[in-house]
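Questions regarding the structure given below will be posed in turn.
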């Protein structure tokens, strides 16, 4: 099941620099781990923003919640979600 | 070059039913044609909306404009665009 | 899988009264049919609005899309969707 | 009498960790207590958000105010309320 | 139980003038009837707007819904509702 | 002359607890004083919010400004104002 | 008593051209009449908009309501009002 | 050339009280100075807000920018600007 | 003096096709005429929108108003204006 | 390829004054460097705002992202981007 997710990141300026660096590194490691599992097939950077637009392919909405909640930067993100379905004009389904 | 595009469609209720059917059919044909050219790699339906979220892969912003402007339903669409770039946590670029 | 759905209805004033009555009747019949199938466990009227707030329990996001798209009043609705998951403070999961 | 309530939680980052843990624990205890009283029949987590969507079943608006005001996390919540009534297409009232 | 209600009225310009006059007259009659019943203790015109701000005193949210839904101008109104409760600084409760 | 006023209160979390308690107490005293003068005939708590909706009955807009500016919590309030006038459907003016 | 008023005008395109011309002419006549009475001391056109920003100097909010309601273009206006008072840094009050 | 300017002031609570008092005093002195030069013909306090609505009469947009930028409270202001022109219904131009 | 202007065009669907074509042709002619006068140095199409972003270089705000008001498509445009001034980091002013 | 970019700057008040001065100086140097490369052909100050409106002329969206991300004030900016294309009424393309 596909979900469209936009994450806007705002790390507080007063976060300890070491904690910050560590959190960002952990975020990347976790993101790669989820991608390797096949459940995060697309991630793009939005130009000029500390944001990404992603597609998740999960078993359920619960599954999506767990994945997002597990992201180390989750507490500093504003997340917007839209469930997706196949488009009738998608070339792949003709 | 990648662009994230959301199209919200609102066909006027008083459009002649034949014109409507013909326009929707032409839209689908044009969408498939662009997809076949490789410039519209993803199109998804947003659940519960007469809307799609798409990824375009074009030569330039001008190219994107021409494609969108050529869509038969263009006059009835609200279009939102965000340029995309590679995300540093994308598994494909590690 | 649970989804929170709000539907705001705006039937155009110039819809033929017979068509209107028929569409509203069909909407009710379809709503009852989906409820009987167990996939629409809650529907409430929002006080003072021609709107409902509903909970859907479906197999997938695709399933939800098909249900909503099948509603006779769909063309006259603004629909807002939020995927839900179990709350850790829900008495039922203690 | 039914009310639809959405609570978006934003605990300040500089809250003392012990106070935070204690407040969250008290919140859960209080939420369970109210649920046991039958006045909070539904609580769901919104996917990807530190938020819940709830249904309250109370004697009056005053009653609802007292319940919400008594929540330990109340000072850190943005609360949105809509009064509900029976929907004429609800299967239960046919 | 008190509810704060704002009604913004927008009667369509193409409504038949006789129907319009009749509807406005019926609205006034109904508004007076509800006021006489004690359930609509305050109604004010918002300066420079075709709008009113009102206080309703009803048995329940269902009761409020029925009253609002019964207004002849209901189909042409945008309605905003906030439940009220006693304020601790209200002189009347000292 | 009547004005509809909504006050949303947000006392900063880091305000000294004693200052806070004292300011809240002074606010209540001042609110009662104005009510006793007849210039603040209605004050209600909005359910689930640290907010009030009030009706002021003052000599002039200047008068209203002075009253609001004199409130001890004024620096922590977001205030929304709408001038009111008699509604032609008000039972009292028939 | 001073009020700041913004009027955004949107005359429906399908208004009969003669009615339109007549209404616009009446609006101008009425605006001049009110200005001559001293109650509408300032009116400016907002650049690039079919809008004006005005200052009214009236006896009361009721007075302002009557003036605005009497404008022939009132049904086609969106009106925004803010009560004004003397500014402590106004040169005239030093 | 006339510009309509609204300034909403939000002085940070943690600004040193002496700095605050000094800045507010300097702001007033500067405001009076500009008014004396004839370039700030109107300034009003918005009732219930720490805001003013002003009319500036300047040589150019650059001139306006310099004036606003020179205000001691500029860093704590949200400023909204609309260029104005003569209104055809202004009594002064008949 | 420079102004940043965005024009969003929405020609009503029921405009007579000949009138539409004629109005669009006149708009283009007028736009070219103003550009030739040097007062409209930049005009760009916003990708995917029936909109332009333009820079005007005019004598005064009045001048800008007259130019915009003279555009044949003016009645069908939503116009947003921001006055501009030289940026201190502009290479041209170093 | 042209992009319209608006940057709204909000430097935190508690930034060390030396760091602030240094960052602003570096920002200016970087802005001039990019302008010299021909990729930032226009930059204007928005009157009354700590903001600029700019036109970038870049090879690709990726290129734009790198430029913006390299700005020393980037962490303190809100950035809005719109891709541009040639306007059919541009005098230069007749």
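General observations
Read from first to last, the chains carry the letters A, B, C, D, E, F, G, H, I and J; within each, the first residue is number 1.
Everything that follows uses one rule, which is that a residue touches a chain if its C-beta (ideal position, glycine included) is under 8 Å from a C-beta of that chain, and two chains touch if they have at least 3 such contacts.
The model shown is predicted, which means the values in this text are computed figures rather than measured ones.
With contact taken as defined at the outset, chain H and chain I are each touched by G, J. More contacting C-beta pairs link the chains of B-J than the other of the two pairs H-J and B-J. Centre-to-centre, using mean CA coordinates, chain E is 27 Å away from chain G. Chain C and chain F have CA centres that are 40 Å apart.
Each chain gets one centre point, the mean of its Cα atoms, and the points for chain D and chain I are 51 Å apart. For chain A, the set of residues touching two or more other chains reads 2, 45, 47-48, 61-62, 64-65, 81-86. Pairs of chains meeting the touch criterion are A-B, A-C, A-D, A-J, B-C, B-I, B-J, C-D, C-E, D-E, D-F, E-F, E-G, F-G, F-H, G-H, G-I, H-I, H-J, I-J.
Across the complex, chain G is touched by residues 13, 45, 47-49 of chain E.
Per the touch definition, chain H reaches chain I in the complex via residues 1-3, 60-62, 64-65, 81-86. Against chain C, in their complex, chain D makes its touches with residues 2, 4, 27-28, 31-32, 35-36, 42-48, 52-53, 55, 82-91, 94.
Within the complex formed with chain I, the residues of chain B that make contact are 5, 12, 61-62, 64-65, 68-69, 75, 79, 81.
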